[in-house]
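All chains are identified by letter, namely A, B, C and D, in their written order; residue positions are counted from 1 within each chain.
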Amino acid sequence: MHKGRLEAFSDGVIAIIITIMVLELRVPHGDTWSDLLPLVPVFISYVLSFIYLGIYWNNHHHMLQRAHQVNGAVLWANLHLLFWLSLTPFVTAWMGENHFAPQPVLLYGIDLLMCAIAYGILAAILTRVEGKDSDFARALGSGVKETASGIAYFVAVAVALFAPWVSLAIYFGVALVWLIPDRRFERVVQ
Amino acid sequence: MHKGRLEAFSDGVIAIIITIMVLELRVPHGDTWSDLLPLVPVFISYVLSFIYLGIYWNNHHHMLQRAHQVNGAVLWANLHLLFWLSLTPFVTAWMGENHFAPQPVLLYGIDLLMCAIAYGILAAILTRVEGKDSDFARALGSGVKETASGIAYFVAVAVALFAPWVSLAIYFGVALVWLIPDRRFERVVQ
Amino acid sequence: MHKGRLEAFSDGVIAIIITIMVLELRVPHGDTWSDLLPLVPVFISYVLSFIYLGIYWNNHHHMLQRAHQVNGAVLWANLHLLFWLSLTPFVTAWMGENHFAPQPVLLYGIDLLMCAIAYGILAAILTRVEGKDSDFARALGSGVKETASGIAYFVAVAVALFAPWVSLAIYFGVALVWLIPDRRFERVVQ
Amino acid sequence: MHKGRLEAFSDGVIAIIITIMVLELRVPHGDTWSDLLPLVPVFISYVLSFIYLGIYWNNHHHMLQRAHQVNGAVLWANLHLLFWLSLTPFVTAWMGENHFAPQPVLLYGIDLLMCAIAYGILAAILTRVEGKDSDFARALGSGVKETASGIAYFVAVAVALFAPWVSLAIYFGVALVWLIPDRRFERVVQ
């Protein structure tokens, strides 16, 4: 089985998710800046989710590039990841339109957490296919950054009902950590 | 004629179908869990259709991979399959928004049945192109699983008006059978 | 300049057009067959446009396959074709939702006509690039079928305000002629 | 790292953006020409944005074709460009639905300006990766046309609140300059 079509399909789905999110930025009826004001939180949500989908596409790209073979389990683990990613437009819009109210912020975090878990499952299955001593496994590394992100999402979900702004800060913080490729960060954590 | 562009086009259409379905998960106006409650059946429909589209992409992927040549008839048989798949977002949303009422559940089953028939036609045309003694025909096998699924959809459609929950159980049951690759199952049925 | 990315981009756009049309099949609020009745003309429009987009993808596929090089003029002639194709969801929905009223039927025909003209321009530019004595020009042939289709669309547009059903019959008739690959038809016309 | 998947992902996103814009052409309820009249400015906006996205796809295609390697910075600079392009459907619809009112025209210009800046950043990063004396840098040239376009957008943004029609003329004018490949234009400016 070739991995090319798996990559192409994943690229297609992520490209569509990242683009249709903009349809939730509903065009206001008025023609002044004040008519755009209620859209500001929706826009901030959009930026956050755009960055996250970019990170997932980026990491997915790198991980698949080092894989040599895919089987049925990989296909389904990949679809499982795409499923949680596909819910991003919904949780993004719900959070943005409700101006970062506690429960929508919590649901957004649950989706991030599920995406992270699904990504971990995909990485684990690919590692089993490639072998524990393979180049793939070595390149994947210890997964410290991934585990730390998962814990951060978990904390964000836990505090969302009491301090949604803390959760939001965690979402943006984790995104920044992935955006800025900083090898020292990993060393410090280790 | 090369099959590459046929695969790419099919991947694109299936990727778009699987993703725009999420647009039917309309963002509620309120910001509490109770506002999400009416969406639960829509979400369950979404999960079911996501799995089915994943199965079709997966099987389409495998079938085309073994094919060597495509002609005009294959192109149109493929578009015919994509047509019924493209109606999935509509029947999914109608079924979900009406909380699995009998007639929407029946229509969903008709779409599943038409997809299965269209897939069978595509397989038959590819077999004629490749030859009855080809590797393609041998790899395709006897089609027991496909025929059994078609019969199951037919039964589900027949009972939908009286017992929609039975139909729904059949839809999920068949999806599970395809999700879990179990060679023994085929042997038992044979 | 390679034609691969031109094909991939065109495939992507046509795949998206053919798929987002289904979003115009608005899910009705009721859960009975009678609630679906008003959607029947929208569905018929959808089927017609699905076939036309399939024909364009098919023909585009064949034409580009025989081309060897693309330049800036080809890129823009191709985008010009994609522009008119991209209006299909709009004219399809307007025609379907108004139950084939004269003016929407006329506009649908204008879009078909513009697509045909844009396709002809693309073919002419590719012929100029490849050369009049090239294999490409020979494979393209005399364009009898294309010219006849264009004339048919023109007639359909001319009579739409008086006899929209005649126009609609022409739209379906031309689609059938392209669907059924009949070499004798071309000979008879010649 | 291969550039193939970067190109494919960018093609996918641009193809989706250029196509979902048509969803903002809301189908009117009436079935006469007068019902279409309010859509004329939305349609003009659509044409303008379709051309701009075509130009970006075209230029992106050419620039990436000459690049040999991509790294993390290129991936993110590319996503940054796609982000501003992805806002096109929103600013297009806001401008069209408000019949070219000053503030929507200004916002449209800001989006064009940000796209141009993002494209410039991508070009700069690719130049650094390839080297200042590379074929890539030579092919890219002095960027006179790009800089002139950026200045034009800036002027359009500055005058939009007082003379939105001047801004609009600039948007169309710059698009035409890019549509018509005129080598003498560059020489004259130099």
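Keep this in mind: a contact is a pair of C-beta atoms (placed from the backbone, for glycine too) under 8 Å apart; a residue touches a chain by one contact, two chains touch by 3 or more.
Just so it is clear, the structure is predicted and the values come from calculations on it, not from any experiment.
Peer 1: Starting at chain A, how many touching-chain steps does it take at least to reach chain C?
Peer 2: Minimum number of steps from chain A to chain C: 2.
Peer 1: What chain lies farthest away from chain B once each centre is taken as the mean of the Cα atoms?
Peer 2: Computed centres place D farthest from chain B.
Peer 1: For chain C versus chain D, which are copies of one sequence, does the interface use mostly the same residue numbers on each side, meaning over half shared, or is it different?
Peer 2: Different, since most residue numbers here occur in only one copy.
Peer 1: If I superpose chain B onto chain C using their CA atoms, what angle of rotation comes out, to the nearest 5 degrees?
Peer 2: To bring chain B onto chain C, one rotates by 90 degrees.
Peer 1: Distance between chain A and chain D based on Cα centroids, please, to the nearest Å.
Peer 2: 27
Peer 1: Give, as an integer number of Å, the spacing between the C-alpha centres of chain D and chain B.
Peer 2: 38
Peer 1: So which bits of chain A are touching at least two other chains?
Peer 2: Correct list: 8, 12, 16, 20, 23.
Peer 1: Is the way these chains touch best called a line, a ring, a star, complete, or other?
Peer 2: The chain contacts form a single closed ring, each chain touching exactly two others.
Peer 1: I'd like to see which chains touch which, written out pair by pair.
Peer 2: Pairs flagged as touching, ordered by label: A-B, A-D, B-C, C-D.
Peer 1: Quick one: which bits of chain B touch chain A in the complex? Just the residue numbers, please.
Peer 2: Residue positions touching the partner: 7-8, 11-12, 14-16, 18-20, 22-23, 25, 27-33, 36, 47, 50, 54, 57-58, 61-62, 65, 179, 181.
Peer 1: Applying the document's contact rule, which stretches of chain B touch chain C when the two form their complex?
Peer 2: Against chain C, chain B makes touches at 1-2, 5, 8-9, 12-13, 16-17, 20, 23-24, 72, 75-76, 79, 82-83, 86-87, 89-90, 93-94, 97-98, 101-104, 107.
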